[in-house]
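Presented below are the structures under discussion, each in the form of structure tokens.
Paired with chain B in one complex and with chain C in the other, chain A is shared by the two complexes that follow.
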Partner chain A sequence: MAGTLHRLPTVTPARRLAWRAGAIAAALAITTLFLALSGRDPRLLADLVVRSAVGSRFGLEDLALFLTPLLLTGAAVTVTGRIGVWNIGAEGQFYAGAIGATAVGLFLPGPAWLVLPLMAACGIACGMGWILLPALARAYAGVNEIITTLLLNFVAGLLTTYLAVGPWHDRVTGALASTGRLPVRIPEIWGVVHWGFPIALAIVLALAWLTTRTRWGYQITIGGANDQAARYAGIPVRARILGAMLLSGGLAALAGMFEVAGTVHRLQGGLANNFGYFGIVVAVLARGSCLNVLPAALLMAFILDAGIVLQTQQLTASAVLAITGLVLFMIAIADELAHYRPVTVRRATTGAEARP
Partner chain B sequence: MTDPRHAPADGPPPIAPGTPPILQLQGICKYFPGVIANQDVSLDVAPGEIHALLGENGAGKSTLMNVVTGIYQPDGGEIILDGYGQSFAAPQDAIRAGIGMVHQHFKLVPAFTVAENIHLGWRETPFRASAKTLESRTRALSERFGFSVRPDAVVADLSAGEQQRVEILRVLARQARLLILDEPTAVLTPAETRDLFRALRAFRARGNAVILISHKLDEVIDISDRISILRAGRHVGTWRTADCTAAGLATIMVGREIVRRDLRARAPGAAAIARDPGAAAPVLSLRGASCRDARGIETLRDVTLDVHGGEILGIAGVAGNGQRELTQVLTGMMPLSAGTVLLDGAPVPLADPAAFARAGIGHIPEDRLRSGLAPSLDITDNMALREYARPPIGRHGLYDRAAAARLAGTIVAAAEVRVPDLATPIRNLSGGNQQRLVARREIRIASRVLVAAYPSRGLDIGAIATVLRYLTDLRDQGVAVVLVSEDLEELLNVADRIGVLFHGRLMATIDAATADMETIGLLMGGRSAPNGPTSGGGHA
Partner chain C sequence: MIDLLTGMLSTAVLAGGVLALAALGEVLAERVGVTNLGVEGLMSLGAVVAIITVVATPDPWLGLLAATLAGVAGGMAFAFATVIVRANQVLCGLAVTFLGLGLSAAIGHDYAGVPSPATFGRVPIPGLSSLPVIGPAVFGQNLPVYLIYLVLPALAHWVMFHTRHGLAMRAVGENPAAADAAGLPVTALRFWYVTLGAGLAGAAGGYLTLTYVPVWSEGLVAGRGWIALALVIFAGYRPFGATLSGLLFGLVTALSFVGQARNWPIAPAFLNMLPYLGTIAFIIVPVIVWHRMRRIMAAPAALGVPYHRDVR
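Now for the complex of A and B:
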């Protein structure tokens, strides 16, 4: 290498966006390469993906259904990220929310206008309860929240399966793997897309306002940027960590409630479908900004949607995870490389990321 | 303890004439960008000698020892060991050559046992290292070198003195012949100090050498054979301890060309010191204030002081003698374990920094990037740190970014800092500009008191003059200023009274106009002032 690299202290949004676009292109190029090597016609597949995912009404409806939980779990992880805490447990809180909502839906008969808000409230309370212990341990004892929230995911997943095949299982049809169909449902607004979608959008916008335009949001931002400075300014950092984590748990739980009451209509094992984990991916892509959760969740939803299409073409379901990982990996590289500029030699400004 | 071979029990052993010094430094220079850390330092350490190294903070002691132990490479000069030139590419080379250093902050693994710590990263550790083997080896070492340790104890459970013995034993086990101790007695009780000195004398009696860095003049005179003094990176001189007095050493150590530029003169119309009898209660007071750190060690002991409106109270002392705790107590960041904080004569029930700020107490913290700013956030967010909850920025629980930006613009203008735009992350500014911004931000808060910890640290001369002018302006407006500094020149020029901290205790508060270096130096070294011009203001 003849030239030296110069590190830029700050990167403009345009520059970062350009690098990220390059990263996604590179990830797609690598995916294409592997599809071609495995004997498929990438052009045909790409055509199919685009036509069925965004070129058809069914594809767009599916996109919106994927987007709804991703917006909420992505926002959940982003909110804690702003105060420097990683909620890896959105998956578990999603399940907890679904369980709480199902309990109300199954055992509390009543009109939909009354039962649905109760389901949401109970679901959110369960999600908050699910994160309460890790949040208290983190705020008051400094226990690493990454481990505690993660491990509780498995507990919640198994509890859901237990309820679905055990005490709550469907006694009408005799199906063993799920509860009976819930008597109430979130009304649809467009095809299979239910009201959860616009509500999730509105919640993300409200969170963007909450985190940047309120005193609470400012305190969270300072606490996340430098907790010593926050203490110096008299910000109650522990209470803010607790509050942000509870909010996060509630958001992920609401995603679970939407999923169970709007899309699946029954509680079953595997209901969360990794939405909690994909929420982490969304948050990483969003870089701490709730507004950025919108495009990040859209990208993630598109990848999931494309995955469905690819599965109809006899590709394994793991291909989606591999593509997600590849995109994330490339974007991580691009975010870092965006800080560098070759000083003498103007070469290798674009090619670097395409090299696997 | 009598050793039949030597007449004086633990005295220096007889050394054959012509024996080369264990360590000889010739013209050592070490530069950092914009700083001369060491310039032309030459000194030698003979076998069978305890050599004390004295100097103020920033005099270059640590840099010099880092050169000797191979952590830094010198930019000039030579290191000669036993008469042969040496250069250390890495700390391991220095350890192999028999130089061992015990740092002020121990470098032990708290979760490991004593035996494991001793054997960590040591080439002589047996390949099959069972706990039993390591413990019996440790016991043998402990007996051989006369440092009693408990091999199976976990380091985290040990007292500071015990941890230090482990640290020293670890160095001695690696065949150190030159032991360097940085402030070894700072964490020790008097009994532990006596034990340490007995062991050091025994070590010396075997023909080894010790370099002892200390600020405690009494101890230095008690244990050392010779004393070298560094000042501003240069070697001032080396004296036989027998020829030295504590007072003389204090004068040499701090007695550089002090430019006494009296900044005490008030501008016409400035507020007078509200200290006369009959005046209102002092703005801020401490009564018997003590606090403890996480390990339960008392870091501030029974401090009583008054700060009056319209005066600058200087706080002198060697770093780490309670200054941090004092500033944190005065600004509500740290609760007291005993005693009270009084604001306008009324006790303050709760240590709450936000409440202190609302009461008009500003705070320029010691380490501005770590505790006074959020480096990754922009100038606007950082300047709003004190006023985000008050109108016009904070109303009805909101955070008005436009109002915050206007405030930031005001502060930037008052600080006369040129910034490209207010959305620049504050870490991109120079240290001097950061300090000016923090100072102006806090001056807006300080309607009653400003507590400024090392406000001129790391600044160039121009920026220092600016920051000191801020303080005197504030004083003239009738605000009380507490100035913590390691720069005596600054304190003597600016402060009205100077309090000296030593081991968390306020040794005395003296009148700055008539203070002399010798008295301050003695107080900083833990001696009470003989009959110094102690003013009554301190212990009211």
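Now for the complex of A and C:
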């Protein structure tokens, strides 16, 4: 065998980035092909996307609004990922956070400076409560967390719709399948962009510090790399799994609180808008690093922003989901292919001489 | 009361069939060591392809075939990525779910709300179908029901546990390195069983729109793929386990229908949560209650681990 493939155990960041860029390009090429086959002009669409998504103030404001929940759900999935646990339930915890925040916002009158922190606290508590059962089952009984966290998403979605059209339904206007408008809102800082955006950015930076510069973060990382070794070294791996999952649930729930108090201002079915699932994509792109969540969330927010433009062109919102799936699929393949390097087998003598 | 029981059992058999078929497919994939988390997307794709096919040609068998082929196509893409390239199975599975859900909604956009023009008719088994209660519910169903509950699991069970080929298949899932050393084609076995399993997931989606919910709408599959994935664990990775747990969850689904029909003082939303909550309970409780279950119901040892010959 003259030419063969050699598998590298580790991949340099530059090499991985190059492969990923190729993967995204391939996904976009396939998307373009599909659009062309369905009788749309891809060049016209691309032009429209760039001009209205990043070339206008409204587009940039929308980008920041998409970025806010994605930063938090992306960080949520990243935190559990560091200890080798998949939290596929960020969508459900997002709803739980929105429900908790709405409960306080609707039924606790008071000044905004008092009610808003209470909404956040109640939302976060609800999100943590929502992930508690899967977290306990994973940490202490080894029950597959992917399925338990995911199934709770459906329960949370049903509960939200039930509350929005049932007991909390807006009796004043009555037309919309949603609760009444919340009396308090997160103040805006730039157009429709509210304070949730800088807070989410700060939280991601704080998490980057927490996961890489503290004892707790170190124990999480070791527990994820080799749980046997971690146990032997005296790290309470079960407690760390529980802690990381609760933190994750709280982060996703805060995203839900921001969405309801800063952007939508009322609780309604479908509020989470797949932000929990897109958080998984962000975490995959970020590869376990909280700092990388920033560019990863930006890319995902751009895809969603572009999706709005596509919807104005008679494409369903689900096209974005399909495109995201394609990007994820290509990246999964590229991440593995980046490990391979073609080598030509030389004669043993030249190989030995080449060594220093 | 008798009518209610019959109706409930009949719904349970239909609803459970969808889960049983998808779970059986996943048993095949997981037995060769590959977790396919894309079941939800594949079912969705199968569901919409079945509707589109029967709208063009009103033959339910053709619809079921098209749904199966859609699942096979998606499964080949997934198997290429996870078995040949050996990419991360969790990522590829989630990607297939997103892709399947998004794509099915996009191509099914014009078919939303269109009732299926062809569904499977009932084929009562003479004699047995006149038994009280279970007669109409179990022996008065359509042909795919008998296929799903009897023929396919029996075939899968026989191949898996009573043939040399089945031994090879299970070896690949337990210890691919040893199987490889024994001369078994690890990659080929994994590739084709994952593809076959995905085909059954597609068929389950088609079966959903051709019998149980004969109309397409976005989000129709509603987590059934994920429930099927959980049932595989509950079924202990055995074909008849998958069938029986499918039927059990059909009963849970039917219970929520009965509750709504009889105006139980519980909001429908909470009854609709039953299958999801029930699934969670059923994968958590056995592990805690019977420790011995863990060994009997253990997953294939190499499940989820890509096989690299060079790092053996």
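Observations on the model:
Convention: the second predicted complex is superposed on the first by the 340 of 356 C-alpha atoms of A that agree within 3 Å, B and C clash if a C-alpha of one lies under 4 Å from a C-alpha of the other, contacts with A are read in each partner's own complex, and residues count from 1 in each chain.
One rule holds in what follows: contacts are C-beta pairs under 8 Å (C-beta built on N, C-alpha and C of every residue); 3 or more make two chains touch, one makes a residue touch a chain.
Computed from a predicted structure; not experimentally measured.
By the document's definition of touching, of the two partners only chain B reaches A:232; chain C does not. In the superposition on chain A, contact is made by A:10 with chain B only, not with chain C.
Set side by side, chain B and chain C differ in how many residues of chain A they touch, and the one touching more is C.
Of the two partner chains, chain C is the only one touched by A:150; chain B is not.
Once the two complexes are overlaid on the shared chain, A:221 sits against chain B while remaining clear of chain C.
When the shared chain is aligned, chain B comes close enough to touch A:213, but chain C does not.
Judged by the touch definition given at the top, the superposed model places A:114 against neither chain B nor chain C. Taken together, the two structures place no residue of chain A in contact with chain B in one case and with chain C in the other.
The part of chain B that touches chain A in the complex is made up of residues 332-333, 352-357, 363, 365, 370-377, 381, 384-386, 388-389, 394, 397-401, 424-425, 427-428.
The touching residues of chain C, when paired with chain A in their complex, are 37, 41, 77, 81, 85-88, 90-92, 94-106, 109, 218, 222-223, 226-227, 229-230, 233, 267, 269-270, 272-273, 276-277, 279-280, 283-284, 287-288, 308, 310-311.
Across the complex, chain C is touched by residues 7, 86, 88, 133-134, 137, 141-144, 146-148, 150-155, 158-159, 161-162, 166, 277, 280, 284, 315-316, 318-326, 328-329, 331-333, 335-337 of chain A. Within the complex formed with chain B, the residues of chain A that make contact are 9-10, 212-219, 221-222, 225-226, 228-235.
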